[in-house]
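Got a structure for you, questions after.
Think of it as A, B, C, D, E, F and G in the order they're written, each chain with its own count starting at 1.
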Amino acid sequence: MTGETLIALALVIPAATALLTPLFARHPNLRESVTLLGTVLLFAALLALLSKVLGGARPALHVLDVVPGLAVAFAVEPLGMLFATVASGLWIVTSLYSIGYMRANHEVRQTGYYVAFAAAIVATVGIALAGNLFTLFLFYEMLTLVTYPLVIHHRTPEAKAAGRLYLMMLLGASTVLLLPAIAWTAVAAGTLDFRPGGILAEKLSPTALAMLLALFAFGIAKAALVPLHFWLPAAMVAPTPVSALLHAVAVVKAGVFFVVKVIVYVFGVETLSTSGAGDWLVFAAAGSILIASMVAMTRDNLKARLAYSTVSQLGYVVLGAALATHWGIVGSGMQIATHALGKITLFFCAGAIYTVHHKTEVSELAGLGRVMPVTFAAFLVGALSIIGLPPGGGLWSKWYLVLGALDGGQIAIVAVLMISSLLNVAYLLPIPLRAFFGTAEGEATNGRAAEAPLPLLLAMSATSLACVILFFFPGIVFNPLQSMATQ
Amino acid sequence: MTLDLVREWLGGGLVAAGAAFMLIGAIGLLRMPDVFTRMHATSVSDTLGAGLILLGLVVLAGASLAAVKLLLLALFFGLMSPVSTHAVARAALHAGVKPVLADGVEVETSSREGQSSTR
Amino acid sequence: MKELVGNLAAHFNQWITVFLMVSGLYIVIARGNMIKKLIGLSLFQTSVYLLYISPGKILGGTAPILEDGVSVYANPLPHVLILTAIVVGVATLALGLALVVRINEAYGTIEEDEIFERDTRG
Amino acid sequence: MMLAAALVAVLLAAAMMVGRAVLGPSVFDRLVAANAIGNAAILILALYGFLGGRPAFLDIGLAYAMLNIIGTFAVLKFLRFGALGATGEEERP
Amino acid sequence: MRLDVILRITAKLILPMMLLFAVYVQFHGDYGPGGGFQAGVIAGATVILYALIYGLGATMVVVPVAVVEALIPLGVLVYAATGVMGLLTGGNFLDYSHLADDEVHGQEWGVFVVELGVFVTVASTMVAIFYAVAGRGRR
Amino acid sequence: MRVLSLALVLFVFWLLLSGHFTPFLVISGAVAAILTAALGLRLGYSDEEGHPIELLPRGLLYWPWLVKEAALSALSVARVILDPRLPISPRLVRVNTTQRGAVGYVTYANSITLTPGTITVEADRPTGTLVVHALTEAAAQGLRSGEMDRRVTAMEGSG
Amino acid sequence: MREHLPALQVLVPLFGALLCALVRRPRAAWLIAAVVSWIVPVIAVMLLAQVLGTGVVSYHLGGWDPSIGIEYRVDALNGLILVLVSGMAAVIAPFARRSVAAEVETGRVAWFYTMYLLALTGLLGIAITGDAFNAFVFLEISSLSSYALIALGSHRRALVAAYQYLVLGTIGATFYVIGVGLIYVMTGTLNLGLMAERIGAVQSTRPVLAALAFITVGISLKLALFPLHVWLPNAYAYAPSTATVFMAATATKVAIYLLVRFLFSVFGVGFVIADLPVTPILTVFSVAAIFAAATVAVFQSDAKRMFAYSSVAQVGYITLGVALATATSLKGGLIHIVGHALAKGGLFMALGAVTMRSRAFDIDDLCGIGRRMPLTMAAVVVAGLSLIGVPGTIGFVSKWYLVVAAFERGWWWLAFLIVASSLITVVYIGRFVEAAWFREPSAAAMGATEAPVSMLVPIWLLAVATVFLGLDARLPAGIAEQAASALGLR
């Protein structure tokens, strides 16, 4: 199959899944089969595409011109390919997990849930493979809109309030800041296409570049750069699989991916580093990392703590890109992948704990590790990866980020990364440790089945295993990124 | 030549005189104390004012279609102006508008059937 | 003399146009009675008729001499335009009166403030 | 010249009549004034048409005079019966 | 309410004059201001005067409502159809040149018929408006 | 007969208005006059009230007198208006009439209104009286003299 | 017959109106209206094709020369408007049958269609005529019939709304015709093309400046530019749904066309934009419209009123495109004309269907209606997204051009105001969508059933069109481009 066909398939498969799912609303087993089939087919298509990309090909697909200058077009490059593949792979796992979770918790509106989920994957793939700013923006907005029903899934007042915040912050930032940024880019560069080396070279003054970068960095609120992060903790009212895939992987990664993509393919690393227009962003990201980490420590609600952890970890991605050095970019890309695997594992665990024991607060988990050993083992692996300790793949992304900071001569940033790792340790590690070694206050097990249902266990095992694999075989991620960064 | 001049002066004079009566009528309309007395003022405009102006224009127009139409207009004025004046006056009286009367004058409309005291 | 007279008359024309416009608009704005408003509206529209018979040069500018010597004012005929404007005015007034009659039936008043009061109350 | 002066005088008269129409106080005062204004307008039309050499204005004047009367009747009838279609003027034996 | 003899007698006197004046204006459109519209206004006004003097009921017997309401669109139809005749006879819309053997007569005929349409519509519209307004508000 | 007479009068009216004597317009005028007169049979104006043609000859004698009378009255009212003291003494007076026909009665009433200084306020046909608003004592006196009444009755003739 | 298309464009609806008035039977009247509504877009499309193929189409009424007679003249600009107006009429026709039958009493249905077709005649006439005074006549034909349409609303407030619109609309039209009269006095012509040729010699004189002011204010009243919009909310809210759909989708758009024609064609870009502060003034009012009206919309409880205020705001975007007076901005304005017509037409149609099924108007009474009328309310979501300007809808394309135009001018603050205003749109659309979809059904909603097919099809046609044109707007953009360059905009 040609690259064009594969790109088209990568969009059509999840779209078809979304459209077919409601037809089987009355037959849950059939419905879930459709979903699973879709996830597997998509993954296969992306793997096929990945092999082409690794072989040096850069497939592209021009779909249509809305008006001259605004094209819906796709162009595959390593970073996007990586993002798409990770998201799609995790979609399989999450779907498996969802089936167990939704059924075990007797959730309502399951059909709508799967439809929105598949639609979110369409948007994510579209974002990952977009060939220009307009296409990326198109799918970026689509992602916001299709995930909104997932956020307010429970229809409770706080879910609706969170949904409103979610919509207003994401749409607000993207319309008020991102859209003008894109328009400004179009006016300044005369094109919206992503090109290696960027399109803004010698088009704008350093000050203007810095302002434009600010518009992008804050306009892409999905990147959750402090202070535009509030929507993320709020969105945690959604069912846990939603938090897992979307608010640890698809949605937030779409945000930071967008930032990296803009820095690499719109500004151009060269342009950015020589102009110094990204310097401020380095510090903003560093601030974001530290602030979010410290807030995370104060949160007792497990999902909230994980959410702030995510905000902090996203800062790494932005920071790496903002450094505008070779290793910074590589580290940034690796962080997208490793954090995705690590954080989804943690969310899977959180969901499992809620499903079996209806516990949501960190303080309630002491001693629970002895009843749910698999769950908390997975949690431990995921946490280590996020902190950047062996045997987690996260070690490598941190490593390259430090290299990038050193390359850029940003010693202070190296310090920030170190402090942040310590903070990570402080808010993540106590959770599994207390679960295993602490003593429960009251009846921890609730007298019920001890370990999580099988689909949940399978899912978390798979992702934690992937974390470990990335530790031993970082080349899977490193090689394509290296090829991108050296372009 | 002289005839034309005479005609022009005569016509112009008539028109000017008519206009003067229009003004007098308008002044009366402003000065008079009630609706009935004001109607007497507009009567001046409608008769001498309009009449003299139209007559003057007839003189100026000479024997022509315009003169005929001016005369028709004058005729129409003479026919319809009293009718509408009467209509308004009657309506005002029926609506209960009390006419301002001179001191010591008795109202002679008290009895419809009774013979007029002025006879 | 004729020219002087014409000029004088033309200026009256202009004054009356402005007077009708302003007073018509004033009535429309200042009156709460819907029929009075319509009368003001008609007065306002009347100003248009006069405008269309104003000769060109009295309005402060000089009319352009076009097609050397050919009078450009001969066509389209102003009186046709005025007539059309009158038709429009009458139609507007008629429709407006018909509306006021029905408003009176529905509300029992044609005073704007009373109508608003009745709408907000019930 | 005299015609122009006459035109000015009639316009002035019309303006004064407008004054009465505005002052009222009763609706009948306004009606009287409106009638007078209408008649003045016909004369203005005649004078204006004469000055402009357009006797066709006289036809307009005639038509206007007819409509003026009907307008007065309509208003009076409306004032008296609250409706234009009332049959109050019909003859009775 | 007693009969007002002055109104009745005067109305009788001027009604025929007004009707004839309407026809006069209708036929003299080419010579001065006038034509279908003014004629229609005067004719309509005549009917209204009749109604004011003799009452709405009596008038609606002489000039029925249904007739009036059908005449309005019919007049416009006459107008527009004449214009379309121009289109069908090889000219543009509203081009009456080809309605007769020579251009001048064609134009004359066209304008005449069109003005007739205008007359019908304007007169009937005035009466219809009067009926609509006068028929209401009886308390 | 009266219809024909009315048609003739209307035709003259048409010719006076028209001033154009093309065959088309003259014939149209004749047709219009006849149709209008005929319509009068339905609308009720083609009778002795709507078309009192027999009064025309004597009317020609009355009208000039009326015009003179109106002009004189107008002058006197104008004098009153321009007098700084505004010497008016308005009054309502009831006058008797001697006309036999409605047309004569209306002619008298309208003549009173046409002459400035007096306005017919109420026409009471059954009693044959008129209520007149007079601006001054002099105007009322002029009415009481009864000259106008006599002249209008004379215009009515014996028939 | 092909050369007579310009005349037929206006004649067909006119004859339709007359026939409706004569037949007086509801079903027959609808049939006439529908047939007319399906013929006029065919004529419009043929005209536009002719324009795009061989250039400007000119038609002389009565064969008279434009200097003394009326000329109908179609170029890319009004060709687009003609297609839009007539196309909307075609979509409305099937919708109208059930909606009008439900909202207008049987005895007045024929009258409704008579007025509807007259309004259509007027709007098409304004768009097609090349004569300033003739445009006034058509303006009044469309306005008077609109007043009559509004008065047919079932609530007594419809009468008051019609009256208020009549007063303000008449003032607007009179302002316009005064302005035209001033130009006529100065140039001796009523033909728009000849005016444009001759106005150069007198362009800085007092009468011409006054004319510019009169015409701009007059048309602004008609197109409901804030703060001259006060007639619009009640008119839209209380008119029968079909009339609301028609007016919202077409009437203000045609008025904007007329404004563009006068500003750029007659007065000329060089004069209006270069010598006079038209751009800043119009920009201020447009931005005020966008923000003030949208904010008011947020606080409405009546759904129709909410979307009526939204229309006032949306008009602001269009006039902003006019105000900036560049090729890009005008493209944005013209595409927004199309986009708003489609989206708002669809929204008001959906509200009409909801009104018919639930008899409810208040947003609170429409809670949960999405469950009972899912197809209707899904279309509302799509149209709402276009109103917000989400990429992938035509609403985005127009806003994109406006933002780009603002940047091209260096007015980055304006770009931010434009995009920031979309957020207010998000709030009121979101409020309605959330009530309809995510709240427990109200009593009124429980009693409702899905709209009939005759309504769903037109509603979805419009919704799909907003998305289709959001993905491929080359045709309208191309036409707009051609129109802009013909108007001398760069």
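One rule holds for everything that comes next: a contact is a pair of C-beta atoms (placed from the backbone, for glycine too) under 8 Å apart; a residue touches a chain by one contact, two chains touch by 3 or more.
Worth saying up front: this structure is predicted, and the values here are computed from it rather than measured.
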If you tally contacting C-beta pairs, which pair wins, E-G or E-F?
E-F
Centre-most chain [mean C-alpha coordinates]
G
How far is the middle of chain B from the middle of chain G, if each middle is the mean of its Cα atoms, in Å?
55
Chain centre separation (chain C, chain E; CA means) in Å:
24
Between chain A and chain E, what's the gap in Å when you average each chain's C-alpha atoms?
79
Between chain F and chain D, distance of the C-alpha-averaged centres to the nearest whole Å:
20
Residues touching two or more other chains, restricted to chain G: which are they?
none
For chain E, residues that touch 2 or more chains besides their own
2-4, 6-8, 10, 13-14, 21, 28, 31, 33, 38, 133, 136-137
Residues of chain B that touch two or more other chains: which are they?
25, 27, 39, 65, 69, 72, 79-81, 83, 85-87, 90
Contact set on chain D toward chain E in their complex:
55-57, 59-60, 62-63, 66-67, 69-70, 73-74, 77, 80, 82-92
Can you list the residues on chain B that touch chain E in the complex?
79-80, 83, 86-87, 90
Where on chain G is chain E touching in the complex?
4, 7, 11, 14-15, 17-19, 21-22, 59-63, 114
Chain B - residues contacting chain D, complex:
12-13, 15-16, 18-20, 22-23, 25-27, 29-30, 35, 38-39, 42, 45-46, 49-50, 53-54, 57, 60-61, 64-66, 69-70, 72-73, 76-77, 80-81, 83-85, 87-88, 91-92, 94-95, 97
Within the complex, chain A is touched by chain G residues 385, 388-392, 397, 399-400, 403-404, 406-408, 412, 415-416, 419-420, 422-423, 426-427, 430, 434, 438, 470-474, 477
